[in-house]
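Quick one: the structure is below, questions incoming.
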Amino acid sequence: MLIGKVVGSVVATRKDAKLGGAKLLVVQVFDQQNKPKDQYVVAIDAVEAGVGDMVLYATGSSARQTDRTEGKPCDAVIMAVVDSWDLGGKNVYEKWA
Amino acid sequence: MLIGKVVGSVVATRKDAKLGGAKLLVVQVFDQQNKPKDQYVVAIDAVEAGVGDMVLYATGSSARQTDRTEGKPCDAVIMAVVDSWDLGGKNVYEKWA
Amino acid sequence: MLIGKVVGSVVATRKDAKLGGAKLLVVQVFDQQNKPKDQYVVAIDAVEAGVGDMVLYATGSSARQTDRTEGKPCDAVIMAVVDSWDLGGKNVYEKWA
Amino acid sequence: MLIGKVVGSVVATRKDAKLGGAKLLVVQVFDQQNKPKDQYVVAIDAVEAGVGDMVLYATGSSARQTDRTEGKPCDAVIMAVVDSWDLGGKNVYEKWA
Amino acid sequence: MLIGKVVGSVVATRKDAKLGGAKLLVVQVFDQQNKPKDQYVVAIDAVEAGVGDMVLYATGSSARQTDRTEGKPCDAVIMAVVDSWDLGGKNVYEKWA
């Protein structure tokens, strides 16, 4: 998994039938120091994430292991909202700070 | 998934038997700011996309989760035509503008 | 899938038992403008491709969806020989030109 | 697999139900010369690894082949703690040195 | 698959139970011209490869399609020892030269 920030959303009316109702979020990938990387992904949300949330996303077949993505043509899923992380014992990000 | 623009198509008469009839489109990958990236993919179309459409495509085993790609040697599928997306509350792309 | 050109072949006598008889081809990856990229892959041939042919190859589990690769430790397969492709309505490559 | 060093951990209360109890570790990727690369991954720990340990991690569907990750939306797992490795007959890393 | 050279091995006593006995080799990735790339992988050996051998390795779920890796948290397998390869009709590498 990588850490990312939800920065937007995608609207797509014409999509594969299995994707009806899926929430498509734009996730900016971040590095472990909490800096944005030059990389993004559009992921289906499985945990009611919102714009501004730091999240974890999983890719590939692992992205289909949630109730909301099972059997769907989806290769990226937000499977956790990050509360905090630390590196070498120091807090890097704290949601509730 | 990543965002891309359909920019062309590929003709291949000699192909794996399971691929008969599949529409092979050339997709230029775009970043979240709606700028083209130096990256492309040839994807099977599952949603009647056409040249010029902004689309979402899925890769890997997830690309085989549509009726048109199931069980086929296909690692990229167009599974949605994008109507619009926004970043930080601002519209970045609008199909019908 | 990506577009590539068959540029060579690999001989490997000692290989996993399931791979007996598989034709291993060296594929130079090309971009959509028909220029070689600094990237290659060794792929199993499922469509009787030959040196010089422009081809499409699929990777990952999708590479095992042909009769010749099913159940084998193979992560790249040539699943089509390209006749032609176009970009923005202009022909970029034409095999029979 | 790649070699990495466990450098931190992630706390995520709101996550996919299948992930309850999973330990999420931040792994800095290392090259074969034991130098850190500009790359990280958040992986689920399957072998009681701790901060400072050099580990191996597996990605993709292979990350779901442990008792702790089976069927879960997890695309990276720590599946070994590295004791040592050598290159060209010379020891590069030795945990117990 | 990519071409690589076996350059070392990894010792890991504490590992996922399914991996008991697996031989973990460090593989330096090579390009098609037989030059080392700035990339490596740790792969499980399925073909009795040794240090110095040029090999092919497969990644992802395809790495689990050998008797030695089936069902294991392994995302890279050496599935062939390379005897030789050619590019454009010219021999690039010959094991027995």
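For reference, chains read A, B, C, D and E in written order, and residue numbers begin at 1 within each chain.
Here is the rule we use: contacts are C-beta pairs under 8 Å (C-beta built on N, C-alpha and C of every residue); 3 or more make two chains touch, one makes a residue touch a chain.
The structure displayed is predicted, hence computed values, not measured ones.
Counting steps between touching chains, the shortest path from chain A to chain D takes 1. At the interface between chain B and chain C, two copies of one sequence, fewer than half of the residue numbers in use are shared by both copies. Rounded to whole angstrom, the centroid-to-centroid distance between chain A and chain E, based on C-alpha atoms, equals 33 Å. Mean C-alpha positions place chain A and chain B at a centre distance of 20 Å.
Those residues of chain D in touch with two or more other chains are numbered 59-61, 63. Taken as a contact graph, with one node per protein chain and an edge wherever two chains touch, the assembly forms a single closed ring in which every chain touches exactly two others.
If you walk the ring beginning with chain D and heading to chain E next, you pass the chains as D, E, C, B, A. Touching chain B in their complex are the following residues of chain C: 1-3, 31-32, 46-48, 56, 58-63, 65-66, 69, 77, 79-89, 92.
Only residues 7-19, 24, 26, 28, 40-43, 51, 59-61, 63-64, 71-76 of chain D touch chain A when the two sit together in their complex.
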